[in-house]
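The structures come next, written out as structure tokens.
In what comes next, chain A is part of two complexes: it sits with chain B in the first one and with chain C in the second one.
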Partner chain A sequence: MHLIQALKPPAKAEERIVTTTILDVQNLHVRYANEAGSLHAVRDVSFSLRAGETLALVGESGSGKSATALAIMGLQPDSAKVDGSIRLYGEQLVGATDIALSTLRGKTMAMVFQDPLSAMTPVYTVGEQLVESIQVHQTSSPQSARQRAVELLDLVGIPEPHQRINAYPHEFSGGMRQRVLIAMAIANNPDVIIADEPTTALDVTIQAQVLDVLQKACEQTNAALLLITHDLGVVARVAEKAMVMYAGKIVEQGNVNALFYDSQMPYTMGLLGSLPRVGTDKSVALSAIEGNPPSLLTPPTGCAFAERCPLVDAACRQQEPSLTKVTEPDHWSACVHHQIIKRDSITHADLFQPKLTTESIATKASPVNPPDSQHAKVLEMSAVKKHYPLFKGGVFRRRVGTVYAVDGIDLTLYQGETLGLVGESGCGKSTTTLSILDLEPPTHGTIKLFGENVNQLDSQQKRLALRRKLQIVFQDPMSSLDPRMSVFDLVAEPLRVFNDNPDTVDNRVNELLQLVGLDASYLARFAQQLSGGQSQRVCIARALALEPQLLILDEPVSALDVSIRAGIVNLLQELKLTLGLSYLFVAHDLALVRHIADRVAVMYLGRIVETGTVEAVYENPTHPYTQCLLSAMPIADPKLERSRARQIPLGELPSPASPPQGCHFHTRCPKKIGLSSEQQRMCVEVSPSLKPAASMPMSQQQMPVYDKRTGSHAKSETTKTTTGVHTAACHFSDFV
Partner chain B sequence: MVETQTKPKRLLLARFLRNKTAVVGLIIIVTLIVIALIGPWLSPFAYNDVDRQAYLKPPSWQHPMGTTQSGRDMWALTLHGLRKSLVIGLVVAILSTSIAAIVGAFAAYYGGWFERFSLWIIDLLLVIPSFLLIALVASNSAGSASGGASSWWLLVLLLTLFGWMLSARVVRSLTLSVKQNEYITAARYMGLSGPKIIVRHILPNIASLLIIDATLNVSGAILAETSLAYFGFGVQPPDTSLGTLLGDGARQLSSFPWLFAGPATIIVLLILSVNAVGDGLRDAFDPGSKASGKG
Partner chain C sequence: MGAYLLKRFLNYAILLVVATNLSWLLAVTQLNPRSLYEISNPPIDPISIENNLRSRNLSDQVPLSERWFTWSSSIILDWNWGQSPRGGNVGEEIDRRIWVSVRLITLGSLLGAGLGVLIGTWSARRQYGLSDRTFTFLALLGLSIPSFVIANLLQVAATHINDITGTRFFEFVGETGAHGTWLGAQWLDRLQHLLLPTIALTILGAAFFSRIQRNVMLDSLHAGFVRTARAKGLTRSQAINRHALRVSLIPTSTYFAFSIATLFVGAAFMEIIFSFHGMGEYAVQTIQGHDVHGAVATAAFGGLCVLTGALLADFMVAWLDPRVRSASTSHSG
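Then we have the complex of A and B:
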């Protein structure tokens, strides 16, 4: 506590009540000149930031949120033209010289960047960089600056700061680096902190830790926080006020509660509706916003959202609506129809009605595979291990260790089922998928695909026959499409590999594009001419070309914008039912997995720690790690997000080259402290196996859903069809 | 369909045309190639004709660039030398870039012992003093009975043999980064074989480098041949190349400058414009590079 007091004189705390405007942005315009013309990235943005306030700026990629932040810091590239007014304590920043801005940057305003890997100089220690950022603005002796740096590291939760201060950035993990960057940002007690997607590159559990640190840092320094993010869950958790940005303009702003529970702008509603939520009915498809954001090379004449808006009429296209106050005290919306929305209390469910529910597809579609083939095992992995040797030295390479990427997992996937594989990065999810796709014997154990043991594939023909039956869709659609090929060639490629009749290739490609919701006009386009959602559709079409039975989806939507995601998820749901596919769905987004999967397996450091039906695992998470993941996941519901108890794992993910003995999770387990020393020893020494979990559902884990009409949180009626075995690998699952 | 497909290429062309130096260079190259091709019809003399009335005569109406000591027409010789130099340059560039592409891409794609072996060969070839070796082999074979017509082919092969290594290293590192892309993994899981993946997905994606590299290799090969020829190890008489002409002319530069001036001008023009076109291509393919300047 003494550190916190040292950071800021206590008198500052009283200033919190006096709400002085620190940063005032009026009519900000940012234009970038490029080859294709002038890109109007930020159009007429105005807002103000008061002391101690947390303001979130929400938007999809390309909406101009980062351009706004850079313009405020004066860090925009030379090709950018900034107009309007940015005042910091009344002082005009637009047009100020770089030298003048340098005295403010880091002292009055500080920035936390998205990518902690590239935001630090690799050749200096963390301490040197912290000391530098202190000494730039303060005249303090090297000793006292160093002392201060240790205090800052301690404040942001770096263990053993006295030793770690001498470490280089590469010796820190991503989450630790982001903590150091926050420490640098608050080093000079700034009045404004701008955080540009500070947790986007981090895992959920680390994100929860870093958000806590950021919030704490702002509270201690009484700094105003401008948080730029695309994640509505993060907004719900951290921010008091929020602005939604679309096509360079602010389309809605107000208190977080007003925005989330009483949105008056169709775009905001669509964003909220496109999120899968824990607690909603799974059989209802997500509400997807159709289309893509407009290009800002030619500024829209009417409302920028008109092309995608279900409420659109002639009035919308006449002129771009400006922000108008819709409700007191401070809720603004840029929609012509906000009065209608308010009068009829329209919600996203009314606007973006899902075209199909899973039930309606199921009744309409006739599955390709006859029903008696259900419960056939598509994939069976038993005791699969995949280890990679670590080598050192150039000429005389010697083995110095082993990476236990996958360390003994059992997975079974039945026909027509979706199995969600969940875990943080580095837990071995991708290695698992790749070892299935490699069609080569793993280090240990057996992989059976469609009943055939991969270890016993002796001929190339058998291998190719098996290849046809399983395909993959990758995370990043841009990097998984060859930029030199047209859409037609991309989709036709697998057909040509298997020498399908060339006459039918044309028809088949057209058919596939139709299947994924693209028309023939896309055939001649190249990947760079497609938006993210369209390229992912092309990837799906390519994966479906050979009529596979098992599709491995490796984070298929995490690289896409929120408004695009729902459309892809709905498409995947629909395809699964109409084509009778089985999915292995790899993701870190727990809410999404709950929405799409039938069963789920939670992975930690190469092992599966909990598995069972989605209902069982989400309602009754038994392994402490699963509980941590669920509680760290941000939920786009401010009241719920702020009121629920949080259980966050300690520290960082250990290296898979030297996993802890016994239970892999024991180094981070928050429940271990509550155990007796005898029990703790068991956690450290004996590695637990999967055993049936207690079947009693914990009602408090059930997530209530906010109902706009009644204005309260109601428990959803989830039917409990707990079939399949729910198992968890924890010695004391009954106890914890 | 055609319109959208040509779009990236049209953009490329527009970027190239914006670079004035490169356009001038391209015009000069095309002119030189045309002159070299129709050379035999541009001169009343063949390059090996001997005019017994004119030994070492300065430029005149009959011999626009003068004659040599043996009475051969300098204009006809220069045209023939240009043709030979261009052929050597082009063939060496295409061959060495192809070898570089194949060795570099396969080494990077397959990795393991093949990669180590290839890198070892590359390093070995790089440390060998290639100039001396080519000079030795070329002059020895010129002395043998099989000389003459086949000797310039041998020269091409030797220049290729010692000219591909640096490009191969660049191709290898580029392939390593292209290989990271998921479309390569996707192609593998589609059932495509390694060589097909390299030909269909990797080489087209480093094509820009290969084109630039081949262009710059042309000037490299011409210069290498010129310097060999200057010391008498290049194309052997009665055949001739720009380098051979330069070498002969340089010895009498002060007293008979016309023997040197013509070939020298042409070779400087040729090398400068090939390099300008290479730079222009690089900027067109990679607009992010520094040289392209601001929009």
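Then we have the complex of A and C:
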């Protein structure tokens, strides 16, 4: 344990001095005027924030949480109309002039925005922007303001602040920029910090670091924090109290523990229940909340959640329920049936029964195209490298080096299997998928698809035949659908490209839409008329049009809202079993990968550092990087999340243009400090190769192979030696 | 850096040489200097026509390759761009005319760009407001009216004012006129002559740049960094002036750098109407006058302007944008 960088759990609410109310919001309404009419984004929101308190505002996109934050800061767009009351230390902010508000912004209340790249002016140095924050509110000499800026950078953990103060924002990584934005926010010791999705754009290990800095910054300045997020894991980790927002209204609020362990509003229950969790039964499908949030152009007459709620009855549609205190102290819920829910102790399990289990699908499904030999290799990559030239200079571009995007990886994917590929951004996941789809020889190594070596594809026919069997679903469904094509054209396009019989195209498109759970009424729609979940279903239908055998799923649900994700994940699980597909599932969400994948490969800086069955890797993570990833992942369970010790990688991801010598992870490895200098030298000099994870008995390493036809983990005589072996690339993985 | 700079220049130089040779080929095949002598009255003796043309390397009876050799070697060895059919050295003519063009366009294009940036910024901040709509209408009017119409209308108006006031405040023929002998009178006279063409160029430039600036400014007005600046405590105006404006100037300056170089040959109408004997007028005259060498030299000069403009634009971006200036890296492939 001496290796682990244990972090102090946040101070409990009782220990903090909670006294004065700083911010008091009453009956806040925000309406946006647009072409389609008036969008009622925030509807009758009331809450208050006291000194030193951390309050989370949770909701999906479009729920009105950012609109609330912007209205408090007075930074809403000109087209927005704000009604109600926002008082900061008793002073009314609604209707105040820009000049009056500007004396409060940055001084009494500060804000940290979501996207750290666009939130900083590209043409000024970090120091200039930080000094500006200080000098807006304090009359200090340029020297002392600069001195203070250096101190602030130091406080938020920027190494070498004296030099880095002269850097431009683009010279900082995303995590570093977010630290600078936090430094700007605390420059004048504000009393309230509003953080709008401060870590959403960041990787999980960087997220852990930045959340830490944000908490430290609030403690140092004793500022109250209004944290806006969609991530229930982050709420569980950071907040004392939380509010759940749905369709512009707060539907439940209370202490975090009460909210997570004793949810009273069906929407909160559904949201918490739809998360894949470490430690639950994988064969049970996720319980999805059906449908989509209502449009706020025409606010609902009854409960906004009624259309999606399993408890719905006529009373729900008559009048919109208001927040009612359901339990002491201060647990409020807005549900018509709150008394019934409390009386019968209704929980998630009572409301959202998962409809399908993998077993029930498997028995229902008739095997399609039974493979000739058991566990045929669908994809085999050996020693694959993909390098790109690196150019420098705007006026005089010249090649200055090489990006080692993928630097020697071996991957095998068997028929009917889901292989999860996890890692942080910049680790080479997407390059790996693209180099498979390229059907071109990689820089080095071989890629075999369905036994066919891609390096030796000599004819266009062979290439096309292979292309049919291989499809991809991208991360952002909106941008991967042509806005000028109808759903029918989108799904029919691959069929037309491959000259399928035109008479059958109509039928096939209908069949495909049915397969992904959309009815024929969607055929004539265009992408902008679809919700995120529906768009992704169209993308999946399009990918399935040519009956592929291998589907590459590149972060297929990470752009979707939490309540929509579960439905897509269940659909993918079902399709895999009914159609006999193999998936290469690329994701950064480890809990999701555990739920959907059979085997997992962890990637770091172009190399695979650990691979094995999901059970082996998650229960016994062997490589320090895998351990870091699992420990940094926020879990939507406040007690567990706050009590566990964290192991967070040090510093930043090195550039893939100059990966460290030896083990790529050695610059950030928390384990390395505990090694002897002799051992440390080995980490720095010798590149470790994947070897069996030694901390487990050899007999256990040969994990059973997932059998698609029975949907269970059956022992296979022929392939047990290679498919399930748990390996890790660390010299000292057995060193405790 | 030096090596890459040299490489870039070398690329440009090769491009320019190729373009110049192609325009020579076009000019010698399409222009017919002999016709200038043949139509003269009384007729000139064919032999003396031939001699004249030969002495200026313009005779179509000399083989093409020989003419090309004479033409190119005299440029390379003596930097002599040849003679016009009526005599007169092309190089000397251009040397003089470049400065006329410089005097004509400098003030007008700077004022036009400056005014355009002001108008564009102003209208972007009041998008769809009355002033934005008015400026949009005026800018589109300015862009759609041909430059010679604008110039002529200005002249008509100026004549009226001169007539009404009974002065000769507006001068619009040539660069200089009669002026007093007192100190500065010469400069005042030049400025009087510059006034109308400068107004015309300013209108054109402002119309163009106000549109560009408005569009870029609209982008940066809604950028996250303006919101951050306001969240720090800057007022809306401060945030816009310090942050949005500075960023929006990057693309606009690039356009400006490019456009000023092309104006050298592009201001032909202005030069002709206001009798400024600059490069634009020369380009028209040489082609009309079957002046092979003059036309080729003008084309070469135009090419040089375009390439200089491109280079200037690159440097402008690098100077204004730290993302390009410092080690910016990008993937390709």
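Everything that follows uses one rule, which is that the second predicted complex is superposed on the first by the 677 of 736 C-alpha atoms of A that agree within 3 Å, B and C clash if a C-alpha of one lies under 4 Å from a C-alpha of the other, contacts with A are read in each partner's own complex, and residues count from 1 in each chain.
Criterion: contacts are C-beta pairs under 8 Å (C-beta built on N, C-alpha and C of every residue); 3 or more make two chains touch, one makes a residue touch a chain.
Keep in mind the model is a prediction, meaning the values are calculated, not measured.
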Touched partner set for A:E171, first chain B, second chain C, both or neither: second
Contacts of A:L523 with chain B and chain C, given as first, second, both or neither: first
First, second, both or neither for A:Y388, with chain B first and chain C second: second
Partner chain in contact with A:S479 - chain B first, chain C second, else both or neither: first
Partner chain in contact with A:S63 - chain B first, chain C second, else both or neither: neither
Which superposed partner A:S582 touches (first chain B, second chain C, both, neither): neither
Partner chain in contact with A:V403 - chain B first, chain C second, else both or neither: second
Which superposed partner A:P494 touches (first chain B, second chain C, both, neither): first
Of chain B and chain C, the chain that contacts the larger number of chain A residues: C
Which superposed partner A:A110 touches (first chain B, second chain C, both, neither): second
Common interface positions of chain A, toward chain B and toward chain C: none
List of chain A residues in touch with chain B within their complex: 33-35, 79, 437, 464, 467-468, 471-472, 474-476, 479-484, 486, 493-494, 497-498, 523-526, 529, 539, 542, 546
Touch list for chain A against partner chain C, complex: 73, 75, 98-99, 102-107, 110-111, 113, 115, 118-125, 132-133, 136-137, 168, 170-171, 181, 184-185, 187-188, 388-396, 398, 400, 403, 657
Residues of chain B that touch chain A when the two form their complex: 1, 4-5, 7-8, 181-183, 185-187, 189-192, 200-201, 204-205, 207, 287, 294-295
List of chain C residues in touch with chain A within their complex: 1, 4-5, 7-8, 223-225, 227-236, 238, 242-243, 246-247, 250, 314-315, 317-318, 320-333
